[in-house]
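Shared chain: chain A. Partners: chain B in the first complex, chain C in the second.
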Partner chain A sequence: MTNNTLFIDGQEIPFEAGQTIMDAALAAGIYIPHLCHKPGLSPHGSCKLCTVDVDGRSASACTLPASNGMQVDNNTPALNEVRKTLTQMLFVEGNHLCPTCSKSGDCTLQALGYHFGMLDGHFPPFYPRREVDASHPSVMLDRDRCILCELCVRASREVDGKNVFAISGRGAQSHLIVNTVSGKLGDSDLQTGDMAAHICPVGAILIKDHGYEVPIGMRTFDLHSVAESDVASPVTLKKTEHHDA
Partner chain B sequence: MPKIRIATTSLAGCFGCHMSLLDIDERLVGLLEHVEFNRSPLTDIKHCGPCDIGLVEGGLCNAENVHVLREFRQQCKILIAVGACAINGGVPAMRNHYSVQECLEEAYLNGVGVDNPMIPDDPELPLLLSKVHPLHEVVRVDYYLPGCPPSGDAFFNILSDLLAGREPSLPKAMLHYD
Partner chain C sequence: MEQNQPAPNLRRIAIDPVSRVEGHGKITLLLDADNHVHEARLHIVEFRGFEKFIQGRPYTEVPYFVQRLCGICPVSHHLAAAKAVDQLVGVDELTPTATKLRRLLHFGQVLQSHALHFFHLSSPDFLFGFGSNLAHRNIVGVLEDYPDLALKGVKLRKYGQQVIAAIAGKRIHGTAAIPGGMNKSLSNDERKALLVDIADVVAWSQEAVTLNETIHIGHPENHAFATLTTNYLSMIGVQGEMELYHGGLRARQADGSEIFDQFDYCNYGTAIREEVRNWSYMKFPYLTALGKENGWYRVGPLARVNVCDSIPTPLAEAARLRFRAFAGGAYVHDTLAYHWARMIEMLHCAEAIQMLLHDPDITGTDLVVAQGTRRAQGVGVIEAPRGTLFHHYQVDEQGLIEKANLIVSTTSNNQAMNESVRSVANHYLDGHEITEGLLNHLEVAVRAYDPCLSCATHALGKMPLQVELISATGELLNRVSKNMDGVVECTL
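Showing the complex of A and B:
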């Protein structure tokens, strides 16, 4: 159909019925910054970095269905400034000490900080005390770095056919839990081949014994900006093999 | 034309940022035609006189750090927070998970290989803060130079901008938090 189009920063792009603004943008090779969204998983709309102005009102691009003739502002100085502030808030809310983290260079939160030109945290850091769970033989869970994006929760349920993770608590008390009686990752059925073990955009869920295989300077976002990486290599989700849910 | 006066200090840092400053190598010679160093580990001057630029490495982990930082803010027209520790506490802030008492006991009583276990209590030792803090929680910071450490090029870039009277800007390629 010719009339299924919307405008992002004045550029006319097509969409199919049922697509969100984010779906249409990614299909057209337009980068809308995002952290909690992964094509193929149900949208979550929690990080708010994909906030765009739709016909003058703010909305999350990953959750709002595209509709005909929409005028979407995306890459504007004002929106990018707000997105930078959101990124700063994500940084100060957890313990994001990049020099100590083996995810550095592969971390989407860090890459977004670079993308927005973030130089400092601006706000006073919370320095929360959160539990580290090293009970699993091959997967590490460091809640200090968790940003509550629920990518692991959704990947486990929607792709792995398991139900390893959940978010518990409300507001500032929200935290990532493991759905086992003990609450320990070691007692769960998470395996290293699961998407949930690899999808973490920050360094909260890490595969053990592989931390520094790729040297700093050669990692994903050392070589490509987050915008390039995201638009150039659309993610195809495949169900992993070794579970029969 | 009087030289631009620069002061530097390392608070709760590792002097890595100072090493990186020296990594501007032979460009230091040209820089010294325009600048002179006041208080700094490089000059061993103990107190900061009136300065144009203050480079502060490291966060705040004890009472002396806070005192020195306030002196820098008072004396320096432009104060730059240099490196991850000055900006968000960095590696020293990993102790914020624990109480000061727990840290002292681990370091001086129960740690591996501790000889003559005893928590130091000399009155000349600055008291530890209950948590490590970044600079901007205590004083106004004019510019931030992230990195662990910021590269020599990043130091040269920000100093060149300031010396030329330009608003400093960090090229994307030099922006790193690690």
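Showing the complex of A and C:
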């Protein structure tokens, strides 16, 4: 064993100081399922899909720093079953109507459902009634589909240099808000070119007047599995314009 | 849902609310003191939720939401909504390629739906007889006794589905139309693949027309079966020709006299009104000019073949001329001639597909036109397999749907189906005894319209059906149910 290596499912991989398990795995081409993680944004650890077993204890791969000699279990039936359950919970908490959603085929949540072999929601649906905010001239916010990953929150703050989004409330009452006096997206300084307008992994933030332009068979997850799309080189990966940035 | 009626004639009416598409048929008959049929009603116990739950959704989603109305004719709903959405985004004319792709898509849709309806669902009635052995009166029986015919029917439907899949990416519920155009061109390889079987498809469709022509002309007893003398409504082209995708509206009285012609469907609300009756979730549309009592009309293949001046493909036009000659040049009112007309349309679709596949524009790549000035309303009308289909949407300034109104084909045929059921009940009901044969006669009458009651009608001919016999005093005398598995049982 050399210095600065860890083991994921028995495979020895290197890491650099300061990297998380997720960082090291992505660099090595190992897929650890996740929704709320995006390289370049600060880790968040909220979706818990990247839960791995580290030396016998469960932890979020996106937030736990890698350390030398770490033994990480990732792609195990037990962990994937737990991840599937978490995905089912995300589905039933919102109104994720894939058949009519313009994000279908480019939606990471949907792709993870396929990845885990999810055949139903398992849990009773919440059928929440949340506000649709179409006040912005070119961006729409459909809170029914928000999974509270906070990618938009972080992208706005850390990349766009703005502070358009936030999460308010606690527990089951947590919800996405817009940081304006009116609470309306139309009164924010969000622009179509902002990363926050394109980063949503589901269909909660959409570019208005668009959708379904990419035919079936050519959408991101028609061409790649979610695992491939995560670890593939950006050069070889064909992402459609509606896939998260 | 169950409903209790007040005493003293307490009875329970079991209603099973289902979607618009997959509904159950329920027929109630009211008898007078002499046990003559006083009232006959076909209940469509479906709830029209779509108009409500698309409120608040962005207009771009609408063609994808509403195609889920139906698993048999989703393309029709998709395209009707897409035409309305084009208006919403200020587009009045698509590129030639986009228009032809939509037409090709729609012809594929109508072809597969018509093939499904005749071969899979209705042919057993005509090949084996209305009252024949129930266990054999289905597509499996047709496959056993007429394998060549049945297989051609299966292949015809398959071909229509292949056309849809080539354009929309999936056979059912794909993606195709976007505001101002289409999202995918037809590749030359896809065009070539569809050309391989098209000659057979045309030939088989021609055979299907001949078969239906022979059956109808050769069975005089069928001519009056459930037959009604009605008004007709259909879309037509600029020359008065049959037109399934885009044109003006033509309404004619039973004698062929004009009610309106080349009517702009965007103003449909002035020509057609919808009446609500308290015993059905389905409205009763009528032509405003003729009023509620006399303004009901029929749509679908019989209406289209009757009111058009021509069919713009040669084999179908020749078939239409024979059809009209059957009635001495007048309109054919025979309800069972719906099947004959349907096959003429299937032949037209096959020929039209063949022509479009040879059109150089069909593989073009200019698919979308720039959007114009946004409008607050959009109306899309199309001739769906079952008849004229209206989609009307209003959007707010933010692009969200405020209001929607859909008049689906089966709704337009609502009164006619009820009248046909009444006609059959009058002629075939024998005392108080309800037999499976009677049930199927009622089904045959309803089935002629190819109603979108449900996948029930589209479930191998085993439409769940309930007939109640009620005396003049309100007493429930008999109730016979036919379940999805085809089992008939007396529940009293």
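Going forward, the second predicted complex is superposed on the first by the 230 of 245 C-alpha atoms of A that agree within 3 Å, B and C clash if a C-alpha of one lies under 4 Å from a C-alpha of the other, contacts with A are read in each partner's own complex, and residues count from 1 in each chain.
In this section, a residue touches a chain if its C-beta (ideal position, glycine included) is under 8 Å from a C-beta of that chain, and two chains touch if they have at least 3 such contacts.
Keep in mind that what you see is a predicted model, and the values were worked out from it rather than measured.
When the two structures are aligned on the shared chain, A:I216 is found in touch with chain B and with chain C. Contact with chain B, but none with chain C, is seen for A:D120 once the two complexes are overlaid on the shared chain.
Of the two partner chains placed around the shared chain by superposition, neither chain B nor chain C is touched by A:A166.
Put simply, more of the residues of chain A are touched by B, taking chain B and chain C as the two choices. Residue contacts after overlaying the shared chain place A:Q110 against chain B, while chain C stays out of touching range.
Contacts of A:A134 after superposition on the shared chain: chain C is touched, whereas chain B is not. In the superposed pair of complexes, A:S102 makes contact with chain C only, with no contact to chain B.
Once the two complexes are overlaid on the shared chain, A:M89 sits clear of chain B and of chain C alike.
Contact with neither chain B nor chain C is seen for A:A227 once the two complexes are overlaid on the shared chain.
Overlap of the chain B and chain C interfaces on chain A: residues 99-101, 216.
Residue ranges of chain B in contact with chain A, taken from their complex: 81, 84, 87-91, 93-94, 96-97, 131, 133-134, 136-137, 141, 143-146, 148, 170, 172, 175-178. Taken in their complex, chain A has these residues touching chain C: 99-102, 132, 134-135, 140, 206, 208-218.
For chain C in complex with chain A, the residues that touch the partner chain are 56-58, 60-61, 64-65, 68, 89, 168-170, 173-176, 178-179, 183-184, 371, 398-400. Put simply, chain A touches chain B in their complex at residues 91-92, 95-101, 104-105, 110, 113-114, 117, 119-122, 124-125, 127, 129, 216, 225.
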